[in-house]
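Below are two complexes that have subunit A in common, paired first with subunit B and then with subunit C.
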Partner chain A sequence: MATSAGRGLVSHDTQKRLQRIAVYLTALLISVFTIIPVYVMVVIAIQSPATTFAGGRVNLLPTEPSLRNFLVLLGSTDTVRYFVNSLVVTLGSTVLSTTIAVAAGYGLTRFDFTGKSLAARAVLFSYMFSPIVLAIPLYVVFSTLGLLNSHFALTLALTAISAPFCIWLMWQYFQTVPIALEESAWVRGASRWRTVRDVVLPVARPGYISAAIFAFAVAWNDFTMARVVMSRDEMYTITVGASLFLDRVSIGWGETMAVSLLISIPPFLIALFLQRYLLQGFSVGGLE
Partner chain B sequence: MSTALKSRLAAAGSALRERDVDGTTLLLAACFVPMLAFFVVVWVIPIVYALGMSLFASPVRNPEFVGLGNYAALLGDGAFWGFLWNSVVYAVATTGLSLVIGLGLALVINQRIRGGDALRTLMIFPYLLPTLVVIFMWKFILDPNIGILNQFLVDAGLIDKPIAFFSTLEFAMPAVVVTSVWKFASFAFFILLARLQAIDPDLYERARVEGATTWQAFRDITFPHLRGAILIILLVRGIWMFNKFDIIYLSTRGGPLQQTTTLPIRVYQLAFSEVNFGMATALAGVMFFLLAGVAVVYFRAFAPEKEVA
Partner chain C sequence: MATSIHLDTVRKEFRTLGNTHVAVDDLSLDIPEGSFTTFVGPSGCGKTTTLRMLAGLETPTSGTVSFGDEDVTDLPPQERNVSMVFQSIALYPHMSVRENIGYGLKIHGVPKAERDERIDEAAAVLQIEAQLEKMPAELSGGQQQRVALGGAFVQDPDVLLLDEPMSDLDAKLKSDLRVEIQRLHQELDTTVVYVTHDQTEAMTMSDQVVLLRDGELAQVDPPKQLFDYPNSEYVAQFIGMPSTNVVDCAVEAGDGGTALVGPGFELSLPAGVEAPTSDRVRLGIRPQYLDVGSDGACRLSVDVEVVETLGTESVVHGRLEDGTPFDVVSDAVDDAVAGDRLDVSFDLADAFVFGEDGETILFGSERAGERSSSPAGAGGVTP
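Moving on to the complex of A and B:
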């Protein structure tokens, strides 16, 4: 075995070098593929259309940054209202989803009952489920109950998509939390409730931050549920509202990319500051 | 959880339950009531209700019971099989390409190359950027009048005149696939990277000492560790792509000439363009049973519930 490396057609060193080049080339290609669209969005957002399209070609080197596109958005569209709607339902469903998940995850880990694997299958099945296939039944029910065009209905619909994975994540997370911590609190006379508050919740923090990030991302990203549940313009979330921008004569690519940049701010902040929680979530499956 | 631990816990639990001085029953309720209520309200009731609706012709205006009539009409229509085929093509192409790119990049970053951390952070963007933003970017890049790809291809002399990618019969599906892969390759990447980083480095060290080539190390150490994750990605990602609505709807609305109309797009059209809720709920029902079938296979083959229960 020890001599096999030197027996090939190319020497070991050359082989290593070629491999190194291949590694960097792959990294470079994928980075370029990933960066170009993001770069294009940012540049078009921050310069006026007159600059971007000067001379009949797209000018992608920002020479004259301008806030013009953002001012047009604020002045002649309902962007602000759409953002408020998005924030309301996103925060609502993030809190709801995370709360359900923490409670369920703790209970499923710490209490014994029969049918646990059935519960696990139900959670996994709903985790794989299709938003559009759920959206139709939800539409029908909300419509019967007169709940269409309400923040409440959309919050429930978004929670329906994010909660299964959040429950799964917390269920896995609590299994890594040793019960000894709780036991020692019980021995010292703490009630189960106090133990939950003072021992369990602090220890579970990285888990529920992770769950909250996924719930947030799902709701912020959502188009399907909002499209189905909201039909009145003043109730649109930013993704639904902005999706109709390109149909309007008064709005061009400059404003479209500007609103895209605004929508991208929360994901950008998560990538910068909460990355490790996101990666932790991927170690048990990720979402959507 | 070990059996010893479980019985200890059960003993502790039942001791508390007997006295119930500190509200274990209440804690039990607090844990499970929200989840059960939630599942019943947003999953069980709507799905049962919709399955019921699928048995009626135009259930909203004047419900007339037709039994499985909607299903028969649906499956008897040749167009259905075309939409099913589009869904399969889209799911296979996007899942396959995402896996290849995600795996390639995960292997690369796992080599601890210079700039690897920055690249990893970069890959979060496609995953977190809302689908709508991704569509705007690619609609601009692929635009026939001002798109930079057309500009580049024309300048390089590769094509004579710009191509309207999203609205040309032969390019619409590839354009949607590329857009989707851009967004979803990171999913495979992050899952595979997490698995790669969990492999004990000593294994590679031992293989190196024994003179194994890089290929042998990959085949005998890396691949066996990734196999489970790869199968999960193919399965779960595949299901999600099969059922993907937003990215196709926002890029082509299912056109041109229904070239990119998949089952999710068709469900939406039936419900909201043709306002035929009998057929829409029947199609949703078909998709529900397809998914349930795949789930049964998945549970049999992988027993994923063993991870927790």
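Moving on to the complex of A and C:
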């Protein structure tokens, strides 16, 4: 400590005040870096390009909000289709990854089997892979199976990326669920399945919601796998689709920002409504 | 319907990384139906493992467990009509108190109306009616423990198992719940098996105490019998508070018969007492059976180190002249302070003599007629 009990250079109260100011300053700085890009995106999205670029400079104070950019997107692009594609594979992969994670986490903490620690290490190891490392082998696999350009294949590919971390998360979480809760239910006559349904899943809810949020984020923001697995325009996800807009002559910055805004809405809603669970789950996983 | 429980040469091994740990070693035991039996012993003596085998949460490596005439050794917990209260209480955090108590009934398909009736009844017995609609996290530790008890007995089990249910509660709550549990046992038609490391709980509540040591049976007896006739030094020291004083003695044969010679005292064995065959024995004497002063048959002096005042009596912790720790409980030592030398005496009638292997080879009371003095804190009850 810089000061010794009350007799130092700064009083205890001042120290506390300084500490608080430091926290606020840091928060402010971080906010500036995150809020400015979001603000720019929103402003450009809700103004027509004519307004934004009027007078040869970029106007960032919205004066004439309009839905023109969104109407262009709906009218002359496949945005809706891309969006639906993204939703389908994201939901599929989130459900699949979370289910695998819950089953694996439960198994790893509740049963003894040979190779258990090896399995656990393999899970962590596979998490180290960058998606691009998996992309080529998965392309070969899906190509051989004739599964390219299908929602099913992309769902599997996205699950391959998110599942290791989700499994690890659930594994950690289940370690905090006392086995006595389950034993108590067994003694009262509940079968193992009934116990999982009535006791284990409700108690593990913060854990699997965190896992689901993570799986959702991975799948929704994915670009690599969608690019590799989907080659037909009508199968693109919104991330891939949006990236191609700028190549077209008819689409400008206004429309691109509008589609970016659309992409941000689902994650924003999730963060808004589920952040309580996210924090609970991650703090148990040692990621506080 | 209460049932009797029989354990026949039950053995339980745990294997981890090539090590075999024997938790329970050839335990044979009969627990009468409707009785209150307590398993007691230090940590790691196998008492909880035994209880878990009764619940069906562990399967014995060998031996059989039967309830009445039915062999339940390999039955899963779901198929035994037992209830268990866990050390960690184990209430379901996402269910209200009412749902927690009624969960077992729900599993067994009891209709909601009857369920509620029985839950209300249980809550009335345990005085937690006001808490029924709360969540477990809103309750105090004592209330949570009552809820756990309620959930266990509302199902009307044949066997009620309690695994150190009070280890996390404070002393006042413990003594309240102790009475509560005994009252429940009287009202219910069920066999209660209670596990504890606290000999006070064992002594105060049970019909029968099972004392375990390293997975083996040390002694099974009613509390009073266990206190008065411990069959080994281990039992004598474990049961009773403070623990029985044990002093090394030499056996010396003289003109007047055999005498036990210890640090600062000599105790001659009366005629007719079979002399120990070995040269050395250990003499056990409960702190409560020592008289301050020198009226008893055998006198010795204790150097006082610490005095604990309990109100009606005091516990003196001291040492004999050779350094052997020696405790005295008496109502006549209030003015003793550290550094004093205290003269105490006892009669052979109150002593135990242990052989070299720790077995009790002589109960003073059996050899020298009736017990001469009534102990100050008999039964090992601490206030």
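As a convention for this text, the second predicted complex is superposed on the first by the 252 of 288 C-alpha atoms of A that agree within 3 Å, B and C clash if a C-alpha of one lies under 4 Å from a C-alpha of the other, contacts with A are read in each partner's own complex, and residues count from 1 in each chain.
We take it that a contact is a pair of C-beta atoms (placed from the backbone, for glycine too) under 8 Å apart; a residue touches a chain by one contact, two chains touch by 3 or more.
On a predicted model such as this, the values are computed, not experimentally measured, just so you know.
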- Message: Let me test your reading of the model: by the given contact rule, A:148 touches which partner, first (subunit B), second (subunit C), both or neither?
- Response: neither
- Task: For A:199, decide between first (touching subunit B), second (touching subunit C), both and neither.
- Result: second
- Item | Per-residue contact with subunit A, leading partner among subunit C and subunit B | B
- Query: Looking at the overlay, what does A:251 touch: subunit B (first), subunit C (second), both, or neither?
  - Reply: neither
- Once the shared chain is lined up, is A:169 touching subunit B (first), subunit C (second), both, or neither of them? neither
- Pick one for A:186: touches subunit B only (first), subunit C only (second), both, or neither. both
- Query: Once the two structures are fitted together, what part of subunit A is touched by subunit B and by subunit C alike?
  - Reply: 183, 186, 191, 194
- Message: Looking at the complex, which residues from subunit C come into contact with subunit A?
- Response: 55-57, 76-78, 80, 82-84, 86-88, 90, 92-94, 103-104, 107-108, 151, 155, 161
- subunit B residues touching subunit A in their complex are 1, 5-6, 8-10, 12-13, 16, 21-24, 26-28, 30-32, 34-35, 38-39, 41-43, 45-47, 49-50, 53, 101, 104-105, 108-109, 111, 113, 115-116, 119, 121-126, 128-134, 136-141, 146, 148, 151, 182, 187, 190-191, 193-194, 198, 210-214, 232, 236, 239-240, 242-243, 245-246, 249-250, 264, 267-268, 271-272, 277, 280-281, 284, 287-288, 291-292, 294-295, 298-299, 304-309
- Which residues of subunit A touch subunit C in their complex? 178, 180-181, 183-191, 194, 198-199, 202-203, 205
- Query: Contact residues on subunit A for subunit B in the complex?
  - Reply: 1-5, 19, 23-24, 26-27, 30-31, 33-38, 40-41, 44, 53, 57-58, 60, 99-100, 103-104, 106-112, 116-117, 119-122, 124-126, 128-134, 136-141, 156-157, 159-160, 163, 167-168, 171-172, 175, 179, 183, 186, 191-194, 196, 217, 220-224, 227-228, 239, 242-243, 246, 253, 256-257, 260, 263-264, 267-268, 270-272, 275, 278-279, 282-283, 285-286, 288
